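Shared between the two complexes below is chain A, which pairs with chain B and chain C, respectively.
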Partner chain A sequence: MTRALHAEWTKLRTVPGPLWLLLGAVAATVALSAGAASVVRCTSAGCGGDLTGVSLVGVRLGQAPVAVLAVLVITGEYGSGMIRTTLTAVPRRAAVLAAKAVILTGAVAVTGTVAVLGSLLAGRAILPGAGGDLTDGAVAGPVLHLVLIALLGLGIATAVRDSATGIGIVLGLLYVVPLLSLAVGDPHWQRVLRRIAPMSAGLGPPLSPWAGLGATAGWAAAALLAGGLLLCGRDA
Partner chain B sequence: MSEFRVVSAPEIVVSGLRKRYGRKPALDGMSFTVRPGVVTGFVGPNGAGKSTTMRVILGLDAVDEGIALIGGRPYRSLRCPPRHVGSLLDAASPHPGRSGRGHLLWLAHAQGLSARRVDQVIELVGLAPVARRAAGGYSLGMRQRLGIAAAVLGDPPVVVLDEPFNGMDPDGIIWMRGFLRSLAAQGRAVLVSSHLMSELQDTAGHLVVAGRGRALADAGVAELIAGASRNRVALRTTATTNATRVLARAGASVTATGPGTLTVSGLPADRIVTLLGRSEVPFTEVSAHRATLEDVYLELTREAVEFRATTPAEVSR
Partner chain C sequence: MTAGFARVLHAEWTKFTTVRAWVTGTVTAALMLVLFALLAGISSDQKGSPPVPTGPGGEPVADSFYFVHRPLTGNGSITVSVSALDSSIPEGPGELRPGTVPWAKAGLIIRRSTRQGSPYAAIMTTGSHGVRMQDSYVNDTAGPPGPASARSVRRLRLDRAGDTITGYTSADGTHWTTVGTTHVSGLGPTPQAGLFVASPPVADGMGTAGTVSTSVFGDLRVRGAGGRWTGDQVGAGSPSFAGYPAGRSGSYTESDGLFTVTGAGDIAPAVRDTLPAGGTLGDILTGTFAALVAVIVVGALFVTTEYRTNLIRTTLAAAPKRTHVLMAKAIVLGGVTFAAGLTGTLVAGPLGEHLARANGVYIFPVTSSTGLRVALGTAALLATASVLALSAGTILRHGAGAVTAVTVAVVLPYLLTVIPFVPASTANRLTRVTPAAAFAVQQTLVPHHQVTGNYTPYNGYWPLPPWAGFAVLAGYTAVSLSAAAVLLRRRDA
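Moving on to the complex of A and B:
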């Protein structure tokens, strides 16, 4: 397993794509958060709404490059046929997927922490004295959300084996399902859709933050399980 | 017990592989053995099941029936398989954005090897000048050299290469032949597939000819050539029609192999000379026919094709 991890880490750092996508995720998160903070109107009574929430709007954008990276980590290998080289080098396929998941988790956790801290600091700079807190929960929640979105993307991509399809499905889950919920008239179904969509579930109402992350974790676990079973069961 | 262990490369034993894609059988009882110390050529037309067999040996594809073993064990049960079996697959390219060295580096790390070994194999296959360039810009020949470097990275006693000659220029082909021969001379078991026989001439000592999912032949090259040359005589004559009539009447089977050249089987050379002389058919040369690997291959695969298309052939006869 150590060797598989080492190999996956070497793969990630020997192509330029992952670094650019991670830098893009940081830039997108901080920029959109700063933009959102700058349009908040503060009166003498205080700033409307939840400031921490405002500063973290950017995560909704920053998750896109993270999801794309997660998909490409495995579909890039299917595209070139290199997956066969990988699976001859490490024939325990569950170990290959696990190694990819661990390396991805590490890379996204580090990047996500930078992005989320950056957003909060930008929010505080733009809205001084607004009282946004830098508690552990305010940072850990969104970072965990990004990690789970990455794992969701990896699982789906392992199942579909194609970059375009994988990116389409993951971005669809992240952005189209919440949109659909707006088009649903029935309030009950609207609530159900918003509750189960991986994007909205992990980032605030209607679920409490931790319950929302639980829903996203469920999505990620299901996707990884399905991808892992398919990877182990079929011809490479 | 260990002090009595014989130090030699393991064999690859492929026995009775069967596999279907939908209704079409891809492998239909493929069986052969690859022994150490000699290059085993694995030839056959496209679609004969060569690549599928190699993927089965490497544990990538599952089979419906049969088993492929390396030193008595399936590939996936080997401890750190790339240290036992080096492989190059036809449809497995490196990532176009990664350098050749980067590609070898992750492969080295997957088997617990250092960057020093990577630089050694880069020298070995002559890729040093381009090793740090993105593999997407490599020619097909350079990519094959990179694949060879990847295969020998773990210094494995068994090497399995799918179409390593593909896209190589003449210099590369000559280099590859020498490299394969040296791998075998070091006592390794080497299995090399190709759909062009000429590439394996003077390289393979053993040949497995595949056709429609099974091995049509599994024998030494010398033996196969002797078998294909037996009782065959090459005849040069300007009067091909007369010669054919005379020899066919005497019971020989005659085929035109070129302008003014016939290949005669079923009659010894001296008898042919006598017959032609008696009938006053002019000829310039009678010699024992030396079959090439290409002849062996064509004869074996032609039989497979004829078997599939008996009716039209019977009608025209």
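Moving on to the complex of A and C:
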């Protein structure tokens, strides 16, 4: 397992793509968060809504490059045929997927922390005195969200083995399912959809630290399980 | 079209139709439209809710106000002076504070009956839009500006001669100016004439809050009307009436020739805020977002798969004019996506509307030409987005990157406009300059300047006219396709 981890870390480290995607995720998150903080109208009564939420709007954009990275971690190998070498070197396929998941989690957790802290600090600078507080929940919630989105992307990409299709499905889950809950008229179904949507924490009430992460974790676990089973059962 | 280009076109057509995943993706896009329409149609149950009142033109209207009236037989006229129009706005739960309701209305009205949706003509003073003459719910003519108060009393008069009603106003009671003349058909043999007060909701965050207004009338003189004055709340239980703020109700009192009338509601065309439970054709076509992701994936794959499998070298060896290859791909992809999108929309729209109506949901009516524009526009939106993905795929030569860039560019701006704390001005700017502007082709609601409302993309009102919004997306696609053509010619494959 250590060798598999080392191999995956080397693969991630030695091509320029992942680094650019992670830097892009930080830049996108901080830029959009700062943009959101600068357009919010402030009155004497307050700035409308949860300020931590305002400072973290950028996570909605930053999760896109994170998802791309997660999808490419596996589909890149299918595209180039590298996957056969990988599976020859590490015949235990579950170990390959687990190693990819661990390395991805580490990379996204570090990047996500930088991005989220940057967003909160930017929000504080733009909205002085009212900026989001740096509580554990305000930072850890969105970072965990990004990690879970990465694992969701990895699982789906392992199942479909194509980068464009994989990212299409992930983005569909992230951006389209919340819109569906707006189109559904019945309040009961709206609540159900919001609860099960992988980005439910992102719509309606501003990103709250822990709400909705359970649903996202469920999606990520299901996707990883499906991807793992297919990887183990299928010819590469 | 040269024979060479026809061959390239035929080659691309063959590629597209023989790759099962691409055909499946395109069919999925059409199915998404239908599936989401089904869900939107069956998910809401409003059976037994009171019917939405409609005006003479069949359009939904708000027609709720306090009415002090008596029958007017034959021709006649009614004159009054308005010396106060004071409004109260909710502030916190159960609290009211004095404030200005811009379209609070107090004045004279002649209408067929007290039934909602009756033909009418009215002259009124308003909270901050001066004297207005309005008729048939949608027509509005401006008179002299300025509010009514004890120091500047507004005198109003309505004359009826057959179907012709003329409104006058005067500041001193001797010099009268005509505000407007209108023909109201269907007033019937004994229309009701009298005083009215209406007070529409004001915008409050993402929604609206109900208000109430009180007006003082004097010098009431009537020619042609007989009988006693009767006070009625018109349209009390109407779905287009938000009701009175807690603890208030409509009323009138008379003493020494002064009438004090309190009312709420509005006499106006219904907008989205008036009927929050109502649906639009755009709501039913929410599946467009899911379909978009599907056609973006297919569009990007249509070229990036060639790079991944190195088929692109064969393609470019067979057709050395590289621009022709790109054009042929765009035509095949755009054509197929347009056909799939149009089929999906034409099935989804009527199906969703039928199901929603069967569940008692009010769907804002659309003319057949508007319905056709929505269908063609949605198909064109999907086709153009797929070509945008094709050009992004050609530029990036990378499926995941192209899909992400185009999806984020088209869907995310819309998603940001539905965040509660994003101001309407930002939402409108986002949907004016980004490719998301193209969703304007799905707008079926009409904004009305004489109704206060949240005219935002979230509510179905887009800042650009439908085809102008589409042109924004088309512009991005044209630029991106040109860049793709240049890069394809310059770069080694």
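Keep this in mind: the second predicted complex is superposed on the first by the 225 of 236 C-alpha atoms of A that agree within 3 Å, B and C clash if a C-alpha of one lies under 4 Å from a C-alpha of the other, contacts with A are read in each partner's own complex, and residues count from 1 in each chain.
Just so it is clear, a contact is a pair of C-beta atoms (placed from the backbone, for glycine too) under 8 Å apart; a residue touches a chain by one contact, two chains touch by 3 or more.
Just so we're clear, the structure is a prediction, and the values are computed from it rather than from any experiment.
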* With both structures lined up on chain A, is it a clash or a fit for chain B and chain C? -> fit
* To do: Would you check which partner chain A:A4 touches, where first means chain B only, second means chain C only, and both and neither mean what they say?
  => first
* Asked: So, does A:T14 touch the first partner chain B, the second partner chain C, both, or neither?
  -> first
* Superposed model, angle subtended at chain A by chain C and chain B (C-alpha, nearest 10 degrees) -> 120
* Have a look at where A:T85 lands relative to chain B and chain C in the superposition and call it first, second, both or neither. => first
* To do: See if chain A has more residues touched by chain B or by chain C, and give me that chain.
  => C
* Looking at the overlay, does A:D162 come into contact with chain B only (first), chain C only (second), both, or neither? -> second
* **Smallest distance from any CA atom of chain C to any CA atom of chain B, in Å, after fitting** => 10
* Residues of chain A at both interfaces, chain B in one complex, chain C in the other -> none
* **chain C residues within the chain A interface of the complex** => 21, 25, 36, 39-40, 43-46, 205, 277, 279, 283-284, 286, 289-290, 293-294, 296-297, 300-301, 304, 308, 356, 361, 398-404, 407-408, 411-412, 414-416, 418-423, 426
* Using the touch definition up top, name the residues of chain A that touch chain B in the complex. => 3-4, 6-11, 14-17, 76-77, 80-92, 235-236
* **chain A - residues contacting chain C, complex** => 36, 39-41, 47-49, 53-54, 57, 60-61, 64-65, 67-68, 71-72, 75, 79, 162-168, 171-172, 175-176, 178-180, 182-186, 189, 203-204, 206
* To do: Provide the residue numbers of chain B that touch chain A in the complex, in ascending order.
  => 55, 58-62, 75-76, 80-82, 87, 89, 91-99, 102-103, 105-107, 109-112, 150
